[in-house]
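One structure, as structure tokens, below. Some questions next.
Labels run A, B, C and D following the written order; every chain starts at residue 1.
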Amino acid sequence: MYTTETKIRIHYALTDQMGVVYHGHYAQFYEIGRGESIREIGFTYKDIEAMGIIMPVVDIHSRFLMPAKYDDLITVKTTLKELPLHHKIIFHSEIFNEQGDLINIGAVTLYFMEAKDMKRCQIPVALRLKLEKYF
Amino acid sequence: MYTTETKIRIHYALTDQMGVVYHGHYAQFYEIGRGESIREIGFTYKDIEAMGIIMPVVDIHSRFLMPAKYDDLITVKTTLKELPLHHKIIFHSEIFNEQGDLINIGAVTLYFMEAKDMKRCQIPVALRLKLEKYF
Amino acid sequence: MYTTETKIRIHYALTDQMGVVYHGHYAQFYEIGRGESIREIGFTYKDIEAMGIIMPVVDIHSRFLMPAKYDDLITVKTTLKELPLHHKIIFHSEIFNEQGDLINIGAVTLYFMEAKDMKRCQIPVALRLKLEKYF
Amino acid sequence: MYTTETKIRIHYALTDQMGVVYHGHYAQFYEIGRGESIREIGFTYKDIEAMGIIMPVVDIHSRFLMPAKYDDLITVKTTLKELPLHHKIIFHSEIFNEQGDLINIGAVTLYFMEAKDMKRCQIPVALRLKLEKYF
């Protein structure tokens, strides 16, 4: 299992007139968590794109347990539960508020694809090698 | 069953550097579809809020089949498969491109809640009466 | 002078916890207005990009007179006051609410640039010819 | 003069299909910079709202000198050039990329207003006292 944590401060643009973070913005919190997760093993998603590989999202599932509010400093806990062996990778996100309450649960599935022909491909070897030690 | 269709033109802000609509923006397409769906039976979500009821999203599931691109005129087909009887309502969305391809499938679950105390409540009677004839 | 009008319905994602449209989203309204303005003379911005030309924004000025609110159907009036002769084009936007009040004024300056080398270039001849009759 | 610096990492949602940060998102960078600027003198904008005062944006001017790109770690330098004495406050922003290039210049004017009646009011005394030593 590979887990990382990222903090995000909620700015005004993310709120809606219900006085809470608009539900549609959580996909961005998962994205930021994934990006930092990849960075912490010594890669960046930018490096992956530079290798000619893109990672489109094919599935997202979010559950909203409690609202996040303006100026909250939320923690996004990002977890890979399994070493991705083929063209698919699933990131699990748990988001906590400053009181430690679990406020949101997300699962995002992405494919590895060759940018040049949009064909699915294996996880890049260099990335898999970095991840192997966690599983 | 109650189904409506809404067209949305993709503007530049919705694209990302993969050259397609950023996955996180589909929640907004579902929201626009829901809003127009409620409007077509002679209500608005604004009216519902004016009655002291809010409808927070508690669950979203999205599947991405094909990308939407800049300037595409997509069609969001919004469906209530069941008459909501209690505090929960589920809107199903299917998004089609101009060629008629199904590009995205979404399901969004919302609760009816009293704004004053954030307690779950029944669907407003006036809204249920409008919907009944479709089921 | 060349003027067009575009209507935009305000959805929930555009509001913030002040109960009004977040100021940062007006740039998108100007963009939607510009896009429809170009479409109405028989072009699209997509066509311009297909010609190898991009139009980055180099300057925006916005004044906020009154708020826009959820579910408002705003009208974006987009005006070219001068025929663009060189590498620069300025779109003026005036946004009105349903009561006809002027709520926002914007001016957006863009450059015509060759995508291949990011050098400034002239307005495409085909676009200039379409515009000439308005000036 | 009062100046603070805030770093922001560019995530994917902020890019557009030109491969750069969408121009409309810079208003959010200014907002994040303002928020941190107020926090650093021992206040938060949330505190100001709790005092019954809101600060709507009435004017923004942005100039775009160079693009910001995905994964860039930009620095937003936020400056108050004058002590706000009345109902108006102007924040100046300069945004730099990691190479130290100035990529964007912004000026945002906000009003202090009573939330209860939307009347303009003076800068809160507690905030003015905190700021006075910088001028």
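The definition used in the following text is that a residue touches a chain if its C-beta (ideal position, glycine included) is under 8 Å from a C-beta of that chain, and two chains touch if they have at least 3 such contacts.
Everything quoted here is computed from the prediction, not taken from an experiment.
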item: Each chain counted as touching chain B and chain C at once; value: A, D
item: Chain separated most widely from chain D, comparing mean CA positions; value: B
item: Of C-D and A-D, pair with higher C-beta contact tally; value: C-D
item: Chain C and chain D: spacing of chain centres that average the CA atoms, whole Å; value: 24
item: For chain A paired with chain C, centre-to-centre distance based on mean C-alpha positions, whole Å; value: 34
item: Centre distance in Å when chain A and chain D are each reduced to the mean of their C-alpha atoms; value: 28
item: Sequence positions of chain D contacting 2 or more other chains; value: 12-13, 18, 20, 24, 27-28, 31, 70
item: Chain C to chain D touching residues, read off their complex; value: 18, 20, 23-25, 27-28, 31, 54, 56-64, 67
item: In the complex with chain C, residue positions of chain B that touch it; value: 9, 11-13, 27-28, 31-32, 35, 44-46, 70-71
item: Touch list for chain A against partner chain C, complex; value: 12-13, 15-20, 22, 24, 70
